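Look for chain A in each of the two complexes below; its partner is chain B in the first and chain C in the second.
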Partner chain A sequence: MSRTTALRGPVTVWTVLKWTLAIAIAIVAVFPIWWMFNVVFSQPGEPVSLNPRLWPTSLSAGIDKIRMIFTETGYLGAYFISITYALLTIVGVLLIASLAAFEFSLFKFPGRRIMFGIVMLALMVPTAVTIIPTYLLTSRLGWLNTMQGLVVPGLASAFGLFMLVQFMRAVPKEMIEAARLDGAGHFQIYWHVALPLCSNAMITLAILTFIQTWGNYMWPLIIGTRTEMYTVGQVVGMFNSPLSHHTVDTVMTANLLAAIPPLLFFLIFQRKIVEGIAMSGTKG
Partner chain B sequence: MAFIDISAVSKIFGNTRILENINLDIEHGQFVVFVGPSGCGKSTLLRMISGLEDVSAGTISIENEVVNDVEPALRGVAMVFQSYALYPHMTTFQNVSFGLRMAHKTAEFIAARVQQATGILQLDKLLERKPGQLSGGQKQRVAIGRAIVREPRVFLFDEPLSNLDAELRVQMRAELMDLHRRLGTTMIYVTHDQVEAMTLADKMVVMSGGRIQQAGAPLVLYDDPDNQFVAGFVGSPKMNFLPATLVGADATGVRLTGIGGGGNAVLPIVGITVAAGPVTIGIRPEHLRLVTEGATSPECLVLEGRVAIVEELGAESFVHLDLPDSTRVTLRAGRDAGRIGHTARVALDLERALLFAADGLRLRGRGLVQQ
Partner chain C sequence: MSFRRYLPHYLMIAPFMILFAAFFLYPILSGLFYSFHDWNGVKAPEFVGLGNYDRILVSREFLRAMGNLFFYIAITVPLGIFVALGLALLVDSFTGRWANFFRNAFFMPVVLPAFLAATIWRWIYAPNFGLLNMILGWFGVPSVNFLNDTGSMIYALVAVDIWVSAGFNMVIILAGLKNIPTELYEAARLDGASKMQQITHITIPMLGPVLFFVFTYGLISAMQVFDKPWLLTGSSFTSYGGRRNALLFPVMDMMGRAFGGVKFGEAAAYGFLLTVAIVFVTALMFALRAWSERK
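Up next is the complex of A and B:
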């Protein structure tokens, strides 16, 4: 009994205010997602009628809408493009960021600090600023409406590098030296020692890259002008546009389908994400 | 030429000289211990032998081959680190076999070598465990196993026992001595613990301030140190140093005054050529003894002091006395030898006393006066 009281602590005005604020923020964050479910899994028009319902009423109606979206629009193709785009970006970002982080964090070479400083400056430059020169370059390479045009410009991730550098700095130098004495070459040390020791950080970076790539709207919109190169973001954007002639429940279904993969990812890996971010902040 | 020949080696980091003109010969099969206080450059010297640190000047040769520019892995050396540096994501087997796998040896060869090494170190039952599931002593053995399996020409140990508790340290020390006897390989060992150095070394290299202060057999360094630093560093409890003034030297020895705040004595060392002035007498705790009131002896100087601390160790005790000039001396005595705060008389065996100049160098005569 006393233990329970001790854990709860005395109820003060501050506690009440804190909880009220937290619950209010949670409602603001969760309600739109809940509303999306509600609209999708109800008979068309029901939740937005004069007598709105706050809970789903028809599972079959929702399934019908999902089937309709997948079969009658280019949504499935966009899903494929988005997943390929996300997976290729993840592989590329992990490879490039980890190789660069390995060098920056564990070895000394001339110009290291300046180069790392320049990379970190890139973190502060908004994407919108670099998007036109990047577009021009990609266009000159003839990569418009191609998968490489979509993927390659996003492979050098300053954030990913920063995060992995923080992790790899925590790898004991003696471990690298022991590997050198054991006859491991530069790449072998990276592959057999540094990389496995940073697996947690790599998983975190993969998840964050997935969420970011999946939600990326601007770059795919600019680079992919042909419908067969549309990503989920663009297709959802078309559903959302004022002249799309889609009813609100179809639009909501398209949005829900777009939101499910990152939501699932986050729900499954949320511990890893929090751990990863917390570790990258404290271990540096 | 010696098995390992270190010739005029220096190490400079930026503007700081870490090592200065190091010259050292190491014979095949010797157990050499580098010992000295923190920051004396002993680990840097070891790392230079391993190849992990570049040589700023001079040469390091192993079996007549200059290895200054040879990659660490090709020098035929293996190193055991203070932190063990085991790969946490690998099992004992994978850790021990890492070097062989990097050398692309066959699976049968690797299995045989690992079995041999783990057999010597009694690690057979721990092959599937990861470092996180091993105790400190077991981790240490795995680290040694990783070194043994490569059959190196030289083993390098960088303070390998520092992270172990006192009991385990003594046990591992014995195991290392046994390992050295069995393998017969040259071993170089770095420590700041002079007891560890004394017990393990065939050759002890005392370092300070980036220089070798003296190198030789442990007992030679104990009995016949070259300078006050070595005299004070080797031995526990450490040697007592008493300030004195040299007033002259003749055929009977060196005449000293002001020892411990007023004692006069003739130190039986002849042939010293040094001007009168301040000197330091060095005398080991076992060459002091407590004497009763009124006792005198021609070859002993008797001083009076106040007992400050008594450390009872069971079989013996260490008595710390404050002399009138506040110099503290320590002596080995039997049980219940002194009472704190009481006055005690201590006799110094002058025949065993050493003399150091004001700059810390040993003042050696041509010999002791023949009695």
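Up next is the complex of A and C:
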């Protein structure tokens, strides 16, 4: 932090300018989210143009709108689908990637380098080339409109493997040897030695996977074509479509409910999220 | 004998490698096969050689999508880096709690799903009663239909794009800033360098590798833009791209051919064309970097 002295000094024009600028940008960044919140928590029917909605005016009206959207539309079902999709993906990605990362980072066996190399190449392959054939495969398996169709094709996460390998490399070889001398089996070493040592990386990966899965729009759009398999993203898209009959209030409630889980995650885990992204960028 | 010795290792990587082969390697190969076939998903695939590629390359939508993409990338990637660098320097000029506060505020849009950013901004852009038109109204500017006026649509997309991605790039640049040794700034200050000179002569050159990553990554993801233009234009598989296809992009065109036109062979071929373009651009970036480092 001391390098900031380069830009620090007594109260000058620069200080005033930089505070003004920082506050103005913070408003631009946060205001659309704040505005959405205010539209929900205000009396329904007020034309938006007459009320810029700078602050919330009615808590009960907001709660009514949320209750209405949960009971009268398919939103609750979509919430359930999205949460299940995210949780299953997190558990699967963490388990499968950490098992593989354990081997790739700490042991030598024939084929290790080439297999790891191929997986790392996958990081560079754009989704555009795999999405259509993966859809066709999923459809041939009869997995359209199923939870396994949403989850399973995304489980072998090359990014997750890459990230965990970076961390597992730091596990001291002596600890593994010591555990082996104590009679621990291969899987036990993974479970009792390696995993606890990289719990930080696992948590970061879980959070990033949650944000990514919750925000995934393209894959659920083509896999879940029936309303009962719609994710929050699709429902929000429907509410906002030009053919939707909903009022601004209802649409904003739908939007707000989709924003709450990732925003909550962010408020709780902000440091882990920011560090995770910084790490994936600078080591990548 | 040796296989038995290594068996535990193979068992542990098996779940990952099997899923990887099934849902990554196999789809790529089968996509290559489909790209040479005419297929609607029901009847038997019919071999058409390079016919799909031919048809895409001369189609009006492809040219339009590519034209839009070039224009969009030319604005959004450089502007995005410029904004992110500015935000990072700004946050870095604060200390302690305020640095954290501004970093988190600038970062907040990143955690929102891209689909949500697009839908919120549709309301901000709405004609007459939208927030942006309301503010412009205070200054006497007549209402603009940002998402239906072919002149403004791409800029409207760029604004959403930067709103979403600036915080992401900022965090990566901030991590890079932390790695610049303080002594460099002290030496420069003793030599009488101004703040601006310190930024252009120390900060930016020292950030070289980080900026390269941000630029290349931004380029690759911009080439695959989908959710934001799709939702900003209120697209569906029967109608997408917005007015006069002003917000039609390659991945949208590809998805439309697959799920609107039910031409899976053509869509697979489209995916390969796009991949070739992305690999080419990435290779070009790395070649440029190697060349500039040699100089």
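Heads up, the rule we're going with is that the second predicted complex is superposed on the first by the 242 of 284 C-alpha atoms of A that agree within 3 Å, B and C clash if a C-alpha of one lies under 4 Å from a C-alpha of the other, contacts with A are read in each partner's own complex, and residues count from 1 in each chain.
Throughout what follows, a residue touches a chain if its C-beta (ideal position, glycine included) is under 8 Å from a C-beta of that chain, and two chains touch if they have at least 3 such contacts.
Note that the coordinates shown come from a computational prediction; the quantities given were computed from them, not determined experimentally.
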item: Touched partner set for A:L59, first chain B, second chain C, both or neither; value: neither
item: Which partner reaches more residues of chain A (counting touched residues only), chain B or chain C; value: C
item: Touching partner for A:P196 - first (chain B), second (chain C), both, neither; value: first
item: Chain B versus chain C as contact partner of A:A128, first or second or both or neither; value: second
item: First, second, both or neither for A:E174, with chain B first and chain C second; value: first
item: Contacts of A:I268 with chain B and chain C, given as first, second, both or neither; value: neither
item: Touching partner for A:V16 - first (chain B), second (chain C), both, neither; value: neither
item: Chain A-facing residues of chain C, complex; value: 2, 6, 8-10, 12-13, 15-17, 19-20, 22-28, 30-31, 34, 41, 87, 89-96, 99, 101-116, 119-124, 128-129, 131, 134, 163, 167-168, 171-172, 174-180, 182, 185, 189, 195, 198, 210, 213-214, 217, 220, 223-224, 226-227, 230-231, 234, 236, 250-251, 254-255, 258-259, 264, 267-268, 270-272, 274-275, 278-279, 282
item: Chain A-facing residues of chain B, complex; value: 50-52, 72-73, 77-79, 81-83, 85, 87-89, 98-99, 102-103, 146, 150
item: Chain A residues within the chain B interface of the complex; value: 172, 174-175, 177-185, 188, 192-193, 196-197, 199
item: Chain A residues within the chain C interface of the complex; value: 1-8, 14, 18, 21-22, 25-26, 28-30, 32-33, 35-36, 47-49, 52, 95-97, 99-100, 102-104, 107, 109-110, 115, 118-119, 122, 124-137, 139, 152-156, 158, 161, 186-187, 190, 211, 214-218, 222, 233, 236-237, 239-242, 248, 251-252, 255, 258-259, 262-263, 265-266, 270, 273-274, 277-279, 281-282, 284
